Amino acid sequence: MKVSEINVNVLPEIPGTSEFKYFTHRLPVLTFTLTSPLCLPPSTKAEMRFLSRLCRKFGTASAVPAQHSLLSFGTGQKMSKETLAAIEHEFILSGLRQGYRHDGRGDNDYRELRVSFGQDYGHVNLQLGKTSVIVRMSATVGKPHQDRPFDGTFNIQMELTPMGSPGWEIGRPSEYESQVLHVLDRVIRHSNALDTESLCIVKGVSCWNITAYVHVVDYDGNLTDAACMAIMAALQHFRRPDSESRGGEAIIYGLEERVPVPLNITRQPLCVSVIFFNDVNNQLLDPTYKEELAADGEFVIGMDDSGLVCFFEKMAGVASQPMSTLDMMSVAGERIKEHNAKLQKALKADLAQRAELGMTNEAKAANDR
Amino acid sequence: MTTPLILLPGDEVPNDHLPTIKSHAKSAPLKIGQGLRLVSQPSTTSTPQSRVLKATQAGILTTDSKRKIVSLLSFPNRRYTPTVNDLVLAQVHHSSADYFHCILTPHTPHAFLPQLSFEGASKKTRPNLKQGDLVYARVLSTGVGASAEVELTCVNPATGKAEPGGLGPVTGGTVFDVSTGMAARLLLATSSRADDSDDGVAGLVIISELGRKLANVGGFELAVGRNGRVWVDCPDAEEHAVPAILAIGRCMQLTDEHNLDLADQKKLVTRTLRELKLAS
Amino acid sequence: MAAPIASISDAFRADGSASYKCPVTGYRVLAAVNAPVELPARKGALKPQEATVEVSIRPGKLSPSVVEKSAESILRRMLASVILRRHAGYPRRGVVITLAVVEGEPVGRSGTYLPLMPALLHSSLLALMSAAVPLSCTFMTLFFAVTRSDEIVRDPTPAAIKDAESLHVISFSSTGRTLLDLVDGPCDLDIWATIHQQAKDIYQGAAVPGPDGDISMDEESNNAPGDIIRETVEDRLRRDYRWEFETL
């Protein structure tokens, strides 16, 4: 398969972001969304920025010869101070050469995914193999941003503490922390997965501030995907107190007064991290910590259920092959569909359980009366 | 055996659990092992002969009446703390003029391995170790006081010769991480290979089972470091080397993680070898 | 009264870990301990003769603020008094304790941290034991509220905490020392002494007279948190050393 041509179009859809479509020879259209940090309206300026980024990523912007490798960008620094022993590194590579992963998985397999919910709305426990995260949601009433009077806010807070790994220190945010946060921000927040307009209570006066707090309980690789899934599950699980505007004043109803309302989720984007090895020509999904240490490079694909790519970025490391990178897109799409289905199933089961519990409680209350 | 006595920090060791020592005899004195400390003043009014031992960690009391050692078995997932005479797998971080600076466990200060502490090493013939190389070494001293620095050696300081344990740089194969508790058990299991009983040593049969079943690919070599690292190689297995090494590593790690009993360990070995196509 | 729920050594990366939940207040705290480790960020503050204890609390669904800072310093001082900081291998190293409140309503900027103290302290203790950090003793922490009618309530519910005149947290070491005695709110000396005595009685395993002078015969209501800690540790050790004791 050859990529004959790549066209870049500017298709404004969401204000502040510009969408670029790649038309390739045979592949379905890949849609990349680029968010300019300055919230520039889509213009030639934004286009220029994107083209310059493309140049850095793909070598030349307009057309990428099939065998041309992506130029590396990023610092090239591995995120951890820990290093593998030389023989350990070599053994991981020779295993991959012969088609063996340490835990017996295939290259595109994920580890076991377990999701459970706490008593609170928006409390999610998620484990991906030994990587374990807890997400808790909070909703407070605040003032909207001046330039966005109709929007509420949504933020993701995550701090890597020594709980997850002894190498993480409090008060010294690592490069890895900001990298993971950056991906989560782009995939979930900037893709507008949560419709922030629905969080407005009174125009320019009050709105809901929704925050997702991510606690990394244990870290064995692929934190990005695990945290992304946990936040998306939490957003769909969360219920905020009901509110309305009456005569320009915000009225918030307590959880006892009115049934709390779910958030308005417009799409369900998830991300898939891929690590690759230069001399082995393998790409692995859901790397363990040791595999991450051994990898030569990493890229992350963010996509929603319909296959719309909302994020793509190559992190630190050496150059990757553009064709195999594109191949990964369809694999990532499948995985994301599977994960979304698993999350939906868990959410439904929890909802049913809650309904049942609510019925018995009601019956109990009726009995008491 | 009676039910194990479990102590929490601050608990006193009951006197009837201590090995009997005749105070006047020339027998060896009582040695206090890990997790216990001698509290100088007895808490109750008693004869001056009596000692009070208190636990400093949570653990199961074990006594070795032959060697007069009493110590606590603490949680197996704890961080390794160097003790003199331990065998460890050290990873070279960098080298300075006279020393290799080695990592025993991540995020602890480096241990020092003198460049001349290898068998037959001289200023000209000392090994050239680079970052990431592994050395099987013995803890020579852990230092005293504030400047406590851990020193390692690859020779017996008395003879200047390498020990039969095969100390020195390790090449080939790979290392696997296990808990410190598992490393101690593996050391017991590998050092007493002679008895090939079905009951296993230290509750482990994976090593003898794997030894028997991997004999057809030429067997394997194992070096266990107390710091929770195990080096494995199958030098004669040729194309089966990678799956054979992986099988050994997976059996060790899963036994450790799920705390498998002997029957489950045997099942694990059979299953793992089948998965890796080393046995039908 | 439901008994607290505790578990130990669940984490994979941290040297020691534990979880502790108080069913009455609804707080569940995860604790992780890494020790002995290097503290490159605190190089200047390390003491040559003893270990440095670091405690950080993450309040679950709020950003950490001054109330966490003050709770951290209380915990740090108390835990440092229990840890044998001069034990071989510990001087100039750090004992890093990380606590995350994963269930229960967070304490706001103006709130009091006293209701969280039992869960914070007990989970820390379990995690310290899990990491085999040398300790001079264990401890147990009790929590009381005094209502407006001067009634003493042990393990008050969140509603009772809100209405309480004063809140009390008392910690005893297993050697009988009082390690911590925190009071929030006005309280006269007599009540303070009564609470102290009641706590001591619970600690010593004595039956406590109820508010109407009756002696409670309910076993459940009098289980001291120390028992739960001991049970959790014993269960886990028996499980971890099954190989040693079941094969013999």
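In this document, chain identifiers A, B and C correspond to the written order of the chains, with residue numbering beginning at 1 in each.
The definition used in the following text is that a residue touches a chain if its C-beta (ideal position, glycine included) is under 8 Å from a C-beta of that chain, and two chains touch if they have at least 3 such contacts.
Here is each chain with its UniProt name: B = K Homology domain-containing protein; C = Exoribonuclease phosphorolytic domain 2.
Remember, it's a predicted structure, so these values are computed and weren't measured experimentally.
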**Chain at maximum distance from chain A, centres defined as averaged CA atoms** = B
**Request:** Quick one: name the chains whose C-beta contact count is the highest of any pair.
**Result:** B-C
**Rounded Å distance, chain A centre to chain C centre (Cα mean)** = 36
**Asked** What is the distance in Å between the mean C-alpha positions of chain A and chain B?
**Response** 42
**Asked** Hey, how far is the Cα centre of chain B from the one of chain C, in Å?
**Response** 33
**Message:** Multi-chain contacts only, two chains or more: what residues does chain A have there?
**Reply:** 166
**Request:** Would you pick out the residues of chain B that each touch at least 2 other chains?
**Result:** 107
**Request:** Going through chain C residue by residue, note those that touch at least 2 other chains and give them in order.
**Result:** 15, 34, 37
**Fill in**
In their shared complex, chain A is touched by residues of chain C numbered 11-15, 17, 26, 30, 32, 34, 37, 39-41, 54, 56, 58, 60-63, 96, 98, 100, 102-103, 106
**Complete:** Residue positions on chain B within touch of chain A in the complex are 91, 106-107, 130-134, 170-175, 231, 242-243, 245-246, 249-250, 275-276
**Message:** If we count contacts the way the header does, which residues on chain B are in touch with chain C in the complex?
**Reply:** 1, 3-4, 6, 8-11, 35, 37, 56-60, 73-79, 81-82, 107-109, 142, 145-148, 181, 185, 199-200, 202-204, 259, 261-262
**Message:** So in the complex, the part of chain A that touches chain C is made up of which residues?
**Reply:** 118-120, 123, 130, 132, 134, 136-138, 157, 159, 161-166, 169-172, 211, 213, 215, 217-220
**Complete:** Residue set of chain A touching chain B in the complex reads 82-92, 94-95, 98, 100, 102-104, 166-167
